[in-house]
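Labels run A, B, C, D and E following the written order; every chain starts at residue 1.
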Amino acid sequence: MTKEERIENLKTLSGTDVRKCMKCGKCSGRCPAFKDMDIKPHQFVSMLEKGKIEELLECKAIWNCLSCMACVERCPRGVAPAAVVEAVRSTVVRAQGKNGLKAEDIPPIVDELIPQQLLVSAYRKYNK
Amino acid sequence: MQRIGVFICWCGSNISATVDVVKVAEVIKNEPGVVYSANYQYMCSENGQQLIKQAIKEHNLTGVVIGSCSPRMHEATFRKAAEEAGLNPYMVEVANIREHCSWIHKDMDEATEKALILVRTAIAKVKLNAPLTAGESPVIKRALVIGGGIAGIQAALDIADAGFEVDIVEKNATIGGRMAQLDKTFPTLDCSACILTPKMVDCAQHEKIDILSYSEVEEVKGFVGNFSVKIRRKARYVDETKCTGCKVCMDKCPSKKGLNTFNMGLNTRPAIHIPFAQAIPNVAVIDPEQCIKLKTGKCGICQKFCGVGAIDYEQKDSFIERQYGAIVVATGFKPIELDAFNEYGYNDNKDVITSLELERLMNAAGPTNGVLLRPSDGEHPKVITFIQCVGSRDTSGCGKPYCSKICCMYTAKHAMLIREKYPDTEVHVFYIDVRTPGKNYDEFFRRAVEQYGVDYIKGMVGKVYNENGKLMVQGSNLIDNEQVTIESDLVVLAAAIEPEPSVRKVATLLTASIDTNNFLTESHAKLRPVESPTAGVYLAGVCQGPKDIPETVSQASACAAKVIGLLVKDKLKTNPCVATPDESMCNGCSQCANVCAYGAITYVDKEFRLGGGKTEIRRVASVNPAVCQGCGACTVTCPSGAMDLKGFSSKQIMSEVEAICKK
Amino acid sequence: MFKIAKERLNELYAKINGQMGLFIPVKKAGEVNYEVWREGKEVSLETLKTVKSPKNMFFPQTENMMKFKTEGKNLEIIDVRGEKRPFVLFGVKACDYKAIEVLDKVFLADPVDTYYQSRRNATTIVTLACSKPEESCFCSVFGIDATAPQGDVTTWLDGENLYWQANTEKGETLTALVKDLFAEGGEAEVEAQQTATKTIIDSLPFANLDLSKFKPENLNELFNAAEWQEMSEACLGCGTCTFVCPTCQCFDIRDFKTNEGVIRYRCWDSCMYSDFTLMAHGNSRTTQMQRFRQRFMHKLVYYPSQNDGLYSCVGCGRCVNKCPQRLNIVKVIKTLGGKDND
Amino acid sequence: MKDVELKMLERAKALLESGEVARVIGWKKGDFCYDPSPASFETVEELNGFVYDWFCGANLSKYLIEMSKKEGKTAVFLKPCDTYSFNQLVKEHRIKRENVHVIAVECLAKLDIEKIKAKGVSMVTGVEVIGKEVKVTTAYGEETLKKPEVILTKCETCQKTHQVKDEEIILHDRPERDVDRFAEVAKLEAMTADERFAFWREQLSKCIRCNACRNVCPACSCVKCVFDNPASGIAAKANDDKFEEQLFHIIRAFHVAGRCTDCGECSRVCPQNIPLHLLNRKFIKDIDGLYGEYQAGETADGKTPLTSYAEADAEPNDVMKGEAK
Amino acid sequence: MQEVTTEKKEFTPNIVAFCCNWCSYAGADLAGSSRLTYPANVKIIRVPCSCRVNPSFVLKAFQQGADGVILCGCHPGDCHYVTGNYYTRRRMSLLFSFLNYMGIEKERTRVEWVSAAEGQRFSAVMNDFVKTVTELGENKRLTDLRVKEGE
């Protein structure tokens, strides 16, 4: 795959139109994991738009993103930064050729206090 | 035999870049009926028009087709040119080969082919055109202004100064509108009341102006030059002619807990009240929802204390009907509701306020007498954070897709005023972009930053939350690529503005078109920005689109100029493209009148010859050409096809269909 | 005379169809009209009266006459008359066959209508004798023998067989083509059927209509008869009688715009219509009474006066059956025809 | 039936004799027992030919357009279904109501001679209806048929009652009938588009453009039909099997939409027996479903569904998707 | 009976759009001035109001070889002529439903409300309509055979 194709691929995977971003930073303004992310939510959008995907594919932020979707919820332009994060993440996971988490690996009794959303995020993050 | 001239415009390169205009002009020469065909760089130019006029004369043209931009753009221009050359203006048809062709198609062959089809279609139509002559209708020399804000006031004053009667219909108890609520105005920082109230007084004192406050437009009939408007004068329970505005009633009224809407609900007012000190008319009004007498029948204190006997609990809504030649719509705006933006905590925290509320908090006549105190505890806020673009430029569905235009400037104004009055206050502004197009605007904004040290943060706020009695404003600082949290005492939201909701009703009554954001549509974005597509209706202020005071005032004056231009005429030419029945085929079935929105159709008994010396009297439709607007609803309802529309006759459209379908 | 078993008629149709076109009464959507025969279509020879008469085969409801091809300002006129493929018209009843004679006198007289002529020449007509006339039939009034129709070939149908008798050269040619399907014989059966049918015909309610009054010399008297008003009062002015009539021959010529130019076609028209023969000044007949009178005067007086007394009604009775308001030529004949009608 | 006829004749005579009316519109005896024609009677003598029998299916209301223009009052016998057409014509100012005396007459359905003949019964000389049976006398003997099988198609689903009457002649109760008049339409709707197209193509290809449907239709009361009007751009005459019939029948159905009372005359008069009423009924069904039940001709005033609207009306695209209702 | 063609190769449908002068025609103008493309086979006829569109125009277009007909008007409630498009809405709902009943593919007919401000929408609507009609193929059911064949 050429670089252009990979960029296109990421855009398609994310399903979001990065050109709609008006660069207001509200996503990063709301991100609860902001500090832990080496690349910030708004940068995901802007870097994908600019085609800087190598950095994205090597970043740690994809593992730190909580997939809480706050950025998606807050975006005034209907862009979904978390979907870009997700797209990058799945690309990386697929390249590694393995599934991080299998359903049967989850302890049979899940602590009731674990937020449901976390479980969903975990699936989303590790199980491809 | 028809002698048709075809003129293909290059529109510089706008058309010629994608349409082979020379080829089109060449090929069209061979069309039956075409005796002349030419192409030229700019048909609408003086030279282009000259070309058309010359050809009409030299070739004895009976019809003209112009392949150019949209007929909405220059149809009138070309018709006028034809008329000057002695051809009936309605023998001109425009083929839209720019907006509908060259601008949207990239392939030259394809676009040229389509241009040919469009021109042939126009030829097919023009062959069936008939010369039309405009009728005349008288002009009533009186204008109606709907809305008594700065736009309405300015328009009314200008029209009245030209010597025409003007009525201002204002739904609130006083004129003044939003501007009356403002403290200072940018970029000069002069006091809003100081510049507005004299104008309000001018209105009240102008012999040509009649202020109908606390009134609403109920019904509009007629057409340009001849509107008949029914106005509802809402019951204010106070006789306007008697009340002296002494305010004794306000002191005595026992029901004092009504939210003061003029102060954006930041304090309370009595059930009987005058909205603010400089109200025009300076007459009290009773809020029937709040008045004990009106709700329970017991009380009547204000009546007892009114020295002039102005209180009338029995007052009912009344109606007046007046005739106008022109109508100005100046219904203004309101800030949007912020329920959809719970991330800013507006509904949960008293100290998260809107900019308009801040205006009142800073206004000497406001609830705090001009001292900036936060609503929750009346303390001086030490850290104030402004958030811009709240609900503006929002395509997510929660807010408005457009830029509200005034927020950047008033936020800079607020920040500056606060820093000046309370230098120990820290002021932060979260912004996406700072937009300052306007004379002295950017200088103004820079002063806020450079002289007053307002902290502008490029980035948007993600969340405002309460922690230990402080408002935590968490947002991005994009320049430094960090997330910041500012501990604030007061948060001010620059809420998007939207047209006053009542504009929908007004638009419907006036049959003026409205866009998806409820802004009234102007006739042309650039060339006819103050006219509504409905003839005789003009637009001033924010009802047409977001704008600040100077722009609003300019637009209002422009409106006034248009209205004056209309009212000085004694007669108006009417649209000749009206419905017309073929009486020999009309059944008099009344279906057409049932669908006519203008009441333009009536029925008459007419005698017809049957042959053999016999006659019969038959009921047939008759159209008033001054009232008919030419929509054509009747033509489709008519089963026999007796009703037809001049300029858009069935035969014309049919032959257009035939030509346009031809591949 | 030849015969063929009823069950084998499809073989006969297929054989004819292999050589030339075959038009035959076919039932479609509940109604029987002449159509091109195709395997699987439901042929209905027993149907006494097709809705449209076989005149449709020579004088179709619509027919293209010429094309005007336009290119720019050039106009080219294209003749659309081509050589007509020979075809067989099968199952024509005596009245309808007589009607063709009426039409021939109009279309084949000078100037010859070449559209009609080319179709007419290409046709071999196979007639079919009636065996079950019904109450609306009155062909005998016009001297037609429903049991022995003419045509290139005459056929008779009974419960078992179709009987075949060639009358003309064209008929012989057709017979030669299909002869191998036939057996000889049938004269006796045919004669028996004819005798039986004639008895019915003689007892039909309209068998004794009196036409004696319809003579050229009575033209003015008939034209001015007061009864027309009353007779036409219920007339809707529709064209049903005209279009189901086997002898009505009026047409209108119209143009149709196509992508390449214009097609000029003709189509049936009816003198019952208010816009029939519309001229610049208006219509020549302004009331329905005048239009109603025109139609019957033409059938019973004008046409015969120009064609040696040949009436242009053949007594098929279609108008009797189909008029929505039950007006028809019989009522006219009874009212104005002569004393014996009372 | 005979008793009703006698009563009608009696009234007609009385009205003419007293001079209350100048003419009576009814039916006149034909050549057979089954072919009465609509007729106008101006004298008592003319009433000799008066008839009211099982074959008086024709709707007389349209004749009143011309008759009500004449001097003097016109009395007319109207069956239940005819009164709707009458109202609709009054609504459209085509009939001068004040010039008409409406005598509502009973109708227990009318017979269709074509349906009788299609049963193989020919040379009919007389009929007698007894309950649900029809005794047909012919030149060849007697036949008994089931009445529901030989009534006019328009009568099969009729549930109409008199909407107008200045007086009435009703001697027998009409049996209750519970028939879904939209069943046939629904059946067509349930087909695929291809099947529907095939159905209508086959039916309409029979059309000979005789205009009987148009000319008999009380809603088609135009002084000049749009198809005869060269200015309309769709003027056309007979045309076979190409497009014209579709165009004609679509436009005609559209023109009478909201005005068609479902009197069924179009199908009755069609020489090719095309079920034209199913075209009009589709409009009626859609109107009922989308804009609320509406029966044209129930009243002589008010707007029709196509000359009125509601802001909340269904969107055309939703209607097409079948999502509106 | 004519079947819907299954051959879709190189088929570009002939689309006629009736646009009201005040909203949709202006919307089309805006699409033009915003350079929002749509296929060249969409051709626009200007009418004062969508309520001017007689069913016979629609049928005529089909007769003359149009493969799809679309009516565009102001959004309901925004009609320049107050109520025109309300009538259009009823008329066309009924007409198109009726055509469907006659077996005319319902995808060939459409009504869309496009305001003067909706250039984007105009272009999107046209692109979508062209796509739909292209998938459907040539209109054979309502075209007068004489038009195409010149017969």
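Criterion: contacts are C-beta pairs under 8 Å (C-beta built on N, C-alpha and C of every residue); 3 or more make two chains touch, one makes a residue touch a chain.
Predicted model only: the values in this text are computed from it and were never measured.
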Most distant chain from chain B, judged by the mean position of its C-alpha atoms: C
Distance-maximising chain from chain D - centres being C-alpha averages: A
Closest chain to the centre of mass proxy, which here is the mean CA position: E
Distance between chain centroids, defined by C-alpha means - chain D, chain E (Å): 36
Chain C and chain E: spacing of chain centres that average the CA atoms, whole Å: 45
Separation of mean Cα positions, chain C and chain A [Å, integer]: 83
Centroid spacing, where centroids are CA-atom means, of chain A and chain D in whole angstrom: 70
Chain C residues counted as touching two or more neighbouring chains: 257, 259
Overlap residues in chain E, where contacts from two or more other chains coincide: 55-56, 60, 64-65, 77, 83, 87, 91, 144, 146-147
Where chain D touches two or more other chains at once, by residue number: 202, 224, 226, 232-234, 242, 306-307
For the chain E and chain B complex, residues of the former touching the latter: 14, 16, 21-23, 25-26, 28-33, 35-38, 40-41, 43-49, 51-57, 60-61, 64-66, 74-75, 77-84, 87, 91, 115-118, 123, 147
Sites on chain B touched by chain D in the complex: 582, 584-591, 594-595, 603, 616, 618-619, 637, 639-642, 644, 649-651, 653-655
Sites on chain B touched by chain A in the complex: 343, 389, 393-399, 430, 432, 458-463, 474-478, 481, 483
Of all residues in chain C, those that touch chain B in their complex: 70-73, 257, 259, 282-283, 286-287
Sites on chain B touched by chain C in the complex: 30-32, 610-612, 658, 662-663
